[in-house]
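Chain lettering (A, B and C) follows the sequence in which the chains are written, and residue indices restart at 1 in each chain.
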Amino acid sequence: MSDALRLRIFAELDSVVLIDPHTHINALQPASSTLADILGYHYYTELAHSAGMPKEQVEEAGLDPKEKCGRLFANLAPLQNTVQYSWFLELAQAFFGFQGDRISADNWEPLYDAACAKQASEDWAGQVLEQSKLQAVFLTNEFDDPLEGFDTAVYIPCLRTDDLVFHLARPDVRERLEDVSGVSVGDAGSLRAALGKRFEHFKSKGAKACAISLPPDFSPARISPGRADTAIQEIGKRGTDAALSHQQALSQFVFWTLAEFCTEFHLPFDLMIGVNRRVYEAGVYQGQDLYDSRVSLIQYRELFNAFPQVTFPVSVLASVTNQELTSYAWIFPNVVTQGHWWYSNTPAFIERDLSARLEVVPQTKQIGYYSDMYKLEFALPKFRMYKRVLAKVLAERFVVDRGWSEERAIALGKCVLRENVDRVFGLGKGYAVEDLLFA
Amino acid sequence: MSDALRLRIFAELDSVVLIDPHTHINALQPASSTLADILGYHYYTELAHSAGMPKEQVEEAGLDPKEKCGRLFANLAPLQNTVQYSWFLELAQAFFGFQGDRISADNWEPLYDAACAKQASEDWAGQVLEQSKLQAVFLTNEFDDPLEGFDTAVYIPCLRTDDLVFHLARPDVRERLEDVSGVSVGDAGSLRAALGKRFEHFKSKGAKACAISLPPDFSPARISPGRADTAIQEIGKRGTDAALSHQQALSQFVFWTLAEFCTEFHLPFDLMIGVNRRVYEAGVYQGQDLYDSRVSLIQYRELFNAFPQVTFPVSVLASVTNQELTSYAWIFPNVVTQGHWWYSNTPAFIERDLSARLEVVPQTKQIGYYSDMYKLEFALPKFRMYKRVLAKVLAERFVVDRGWSEERAIALGKCVLRENVDRVFGLGKGYAVEDLLFA
Amino acid sequence: MSDALRLRIFAELDSVVLIDPHTHINALQPASSTLADILGYHYYTELAHSAGMPKEQVEEAGLDPKEKCGRLFANLAPLQNTVQYSWFLELAQAFFGFQGDRISADNWEPLYDAACAKQASEDWAGQVLEQSKLQAVFLTNEFDDPLEGFDTAVYIPCLRTDDLVFHLARPDVRERLEDVSGVSVGDAGSLRAALGKRFEHFKSKGAKACAISLPPDFSPARISPGRADTAIQEIGKRGTDAALSHQQALSQFVFWTLAEFCTEFHLPFDLMIGVNRRVYEAGVYQGQDLYDSRVSLIQYRELFNAFPQVTFPVSVLASVTNQELTSYAWIFPNVVTQGHWWYSNTPAFIERDLSARLEVVPQTKQIGYYSDMYKLEFALPKFRMYKRVLAKVLAERFVVDRGWSEERAIALGKCVLRENVDRVFGLGKGYAVEDLLFA
């Protein structure tokens, strides 16, 4: 029974029109131009490199896209087991008519060419959106992004704040902020003013969230303006050579100030907790980051208490942190669980983490999934992976284990898959709590 | 096959008469008086609050019980997915004749009134015990509880020691101890004497355990009497303003002394490891505590080695600590696994943690479950939740995966569900190891 | 469908001829002489002790093997649920013709005698190898092992380095090193020379790996020769009374030097991360070690970056570290996942950890399993336990969840079970990446 049940639930979930609440899409170039834009995704380059392909082969300067694909396809055999490989297969089948379940030296060229033909069509991005049932996607925009030249109803701006919080000691980052804000940053007050300008800009362009990724050792704390002044002066003099204590104080001051602006501008603040950057320094582009799973949400205690008006959709990098996330979302009104991030974005961890969330976090406070994609083609296979796991968990843990009706299970699935995106980020009509009442 | 098998195993487990080894029942008022005693359980108030209900609405002073229920029922829709909501449904069906699987504005009043009629009967608590197949429940008594006015064969005293270990710096706690023991506490010797009086009292009233909940950063250690004298003097002078080092030394001294008395009085010492109190300070009553999952049983190494004669039934708050618990119970003769606590008391975590325990911890050293309840009505749905998971794990991991007979799987289930409670806490006839031999 | 599918996959996996990449076999006495060699395995003595059997009964000096077995069998009832008990049953059935699924006072003596008859045959070890389909097993040899008197094609030497890294402050260990290397160790240079001699010796005898078990707080780091000189001088003077900082510097220096020799001698370096020794000091032999699960592979960041030419097959003791292991093996070309170690070597944890690895680590970089055994008879039940879980995961997560063909799933299983052992340790013909291409 269970297999057929899963398929029926999946079919229902797969019919839902989606809004993807976190991506790295470039709104000016949202879909792929060649298959190299797909295979160049760090999941493929880093896995191929990990399995033995030299970095120099992957990243040779000026490499022709087709040649790059040829090289990568020649190195994918060791990855055939991975779920990332299955993403590629599924999108190649869905968008480019690929047949079969293995890419090899024999069949990649026709695929490459077939893809080129599709990608050349005038509204390729629009076709991908439609076929993927994607109504809109959130972007992740640098703070100095002009946010122009695209439809912000489809490509929803989101203020990425990593550089502001962690790299303001770099002269180039400070200059970018001063240039774009028109404010000369010399103390806490002027820094706050500059940041405020960015919130005004983003809000005026329809931004629906602020976002940041955070290392495992970061603990938000309120910093006094005086302490911030000192830190800013030291960093103004010495840049990244300033004492670590000053750089940390500045990070905390900026982070706290961002949360204050999120209150003022009514923006949810996406926290993506747990990444260590550049752990494997000889790795390929975007394939160098790892983590230390010894992180706790207790580090965010002061923040969650201080900003009851700000909604924090929280992602955690390590699955061992998921129970804490689940518990904090169960207790704190302003903490929402969000998606399955990066190293936890695989079926085994999604199944585990999702099961834990679905049974204790209020159904209105769970954002099921985001794709984190760089090219639109990935939403389809990634969301389908998630929806298959969601269907499995709903079938096994709600219909079978808890005696729910199939309809009720599907309603819960749709709630976390779509309705909560609207609810949490204040999109479209939104959903009233009444919508939750199953028949 | 598996579904029918699970049901058969569940039916067998559900027929077992239970002793609940850890609750917060008030023996003088064990069952609910109105449905507000049920819905006032912190799981409902904190989840409703987390989903958006203002604390002031939940906790308005002098609120009529029926009005309180009306307000809470109006805010339960976001919680319909939670397992806690299912506890409510199951007990409302079992005890109050509720039909259907959703509580709403349309049907809560008849339920409330039907409940009142039942609750008004003279021996409502007795009826709940009988219907729940509960032979007895452990209490969690403050150290100054007179333990009078109830049948200690049904309501088994247990000495709760949180205040003694962690709040003796508070003048009110010291006074309570001095009052009840008749000992003036001025140094290590007199403190020990005062504590000993409490053990005598509890033991004379039939207490079967000592219990404490512990924060993640606590590490038991032996403190010299001289060091304890200093700490007690400082705290006598400054109370909770005394240096943290003195307060910590006192906590460790009291904790160690309690373990010594557990040896002398032959009492198991329940350790409930991992809670941080008042993390969300604006939360509802009992809905403010969370945790830091970065805790290790290595912190208890010295304790477990020093007290080989004391049995320590250990609960851990975070599921990530469960493997350590499993391994420590596998190695240390005096460590016993106990139940699934609080944030880990949900099907997904129980299934995971239970599966790990059942396959490596000697079957005599696992106490399956306790309800942690405040009102008797909760034993039925909570134990049933556990028994369903237990049946699932026995069916899937023992009968299917390991080829066990159904009878043998059921025998293991009964062992952890009931027999070990008798065995570990020395109740009734106890069970000989020979009882374990399956046919 | 799923149950039959699992059985078919298991049958295929069970037909594979194995090389066991990590054991503690004594090549001069590889199989059991009496059943006491089997029941004396620490899993049985420590579990029986944990369940109540006094250490003195287990470890009485000069105890007759049959008497020892009699005592242990009388104390196994509490362990009947454990997977370790099932290992015993399965090997007793396979090798000694035992019938039934319970060992008791009634039937252990005939089993003991039947075993003796088998064990007395001239080539008992050879029979066990053949029946277990074991082509070869890795040993774990002390650094001063002469490696003589056995066939190194069947019993493959592996240099165990725990003593060198963690106990060189002990005069007896230094003397052993000086004796066997013929080098007087007085500074970094001479220590390096002595270590190099050992690598030459092991390599000349066909060693295929270097191995070490590491405590949770160890962080490899490069130590300058000057700092190492100081540490070696201090330790030469004071032995284990030398300051901890010197002992730690020496540990790090030796460890780093070993990694350098692994580069030079082309040997993989097995890292077994996470054990605390002698946590339960009153425990039985080999039943005293536990752990602190708060460990992170970020501690190995510098090592993994510094030695790109050394393959590190990594085992972690705690399952909560498995996701990090999975992620590090996904990113670092020189990190390979290896087996399921000790407290994580039970079906529940294997299923969890294996599922996570199979879906993201390149299939060429996963060594499925090793037995860790002390006597050859244990390979059969331990590998079968693993193969059953592997068959379950392949059936459920690849054939059912991901739509793989049965053949493809079996091919993946064989890859991690056997082919990667050859590939990673450079054995026999090895397997080309082309072998991975499923039909």
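The rule is simple: a residue touches a chain if its C-beta (ideal position, glycine included) is under 8 Å from a C-beta of that chain, and two chains touch if they have at least 3 such contacts.
What you see is a predicted model; the values in this text were computed from it and never measured.
Chains making contact with chain A as well as with chain C: B.
At the interface between chain A and chain B, under half of the residue numbers involved are used by both copies, so each side presents largely different positions. Here the spacing of chain A and chain B, counted between their Cα centres, is 39 Å.
Multi-chain contact residues, meaning those touching two or more other chains, occur in chain C at positions 294, 320, 352.
Of all residues in chain C, only 1, 294, 296-298, 301, 304-305, 308, 320-321, 323-324, 326-333, 352, 355-356, 358-365, 397, 400-402, 412, 433-434, 436-438 touch chain A in the complex they form.
Of all the residues in chain B, the ones that touch chain A in their complex are 3, 46-47, 49-52, 77-84, 86, 102, 104, 276, 279-283, 287-288, 290-294, 318-320, 343-344, 346-349, 352, 388, 392.
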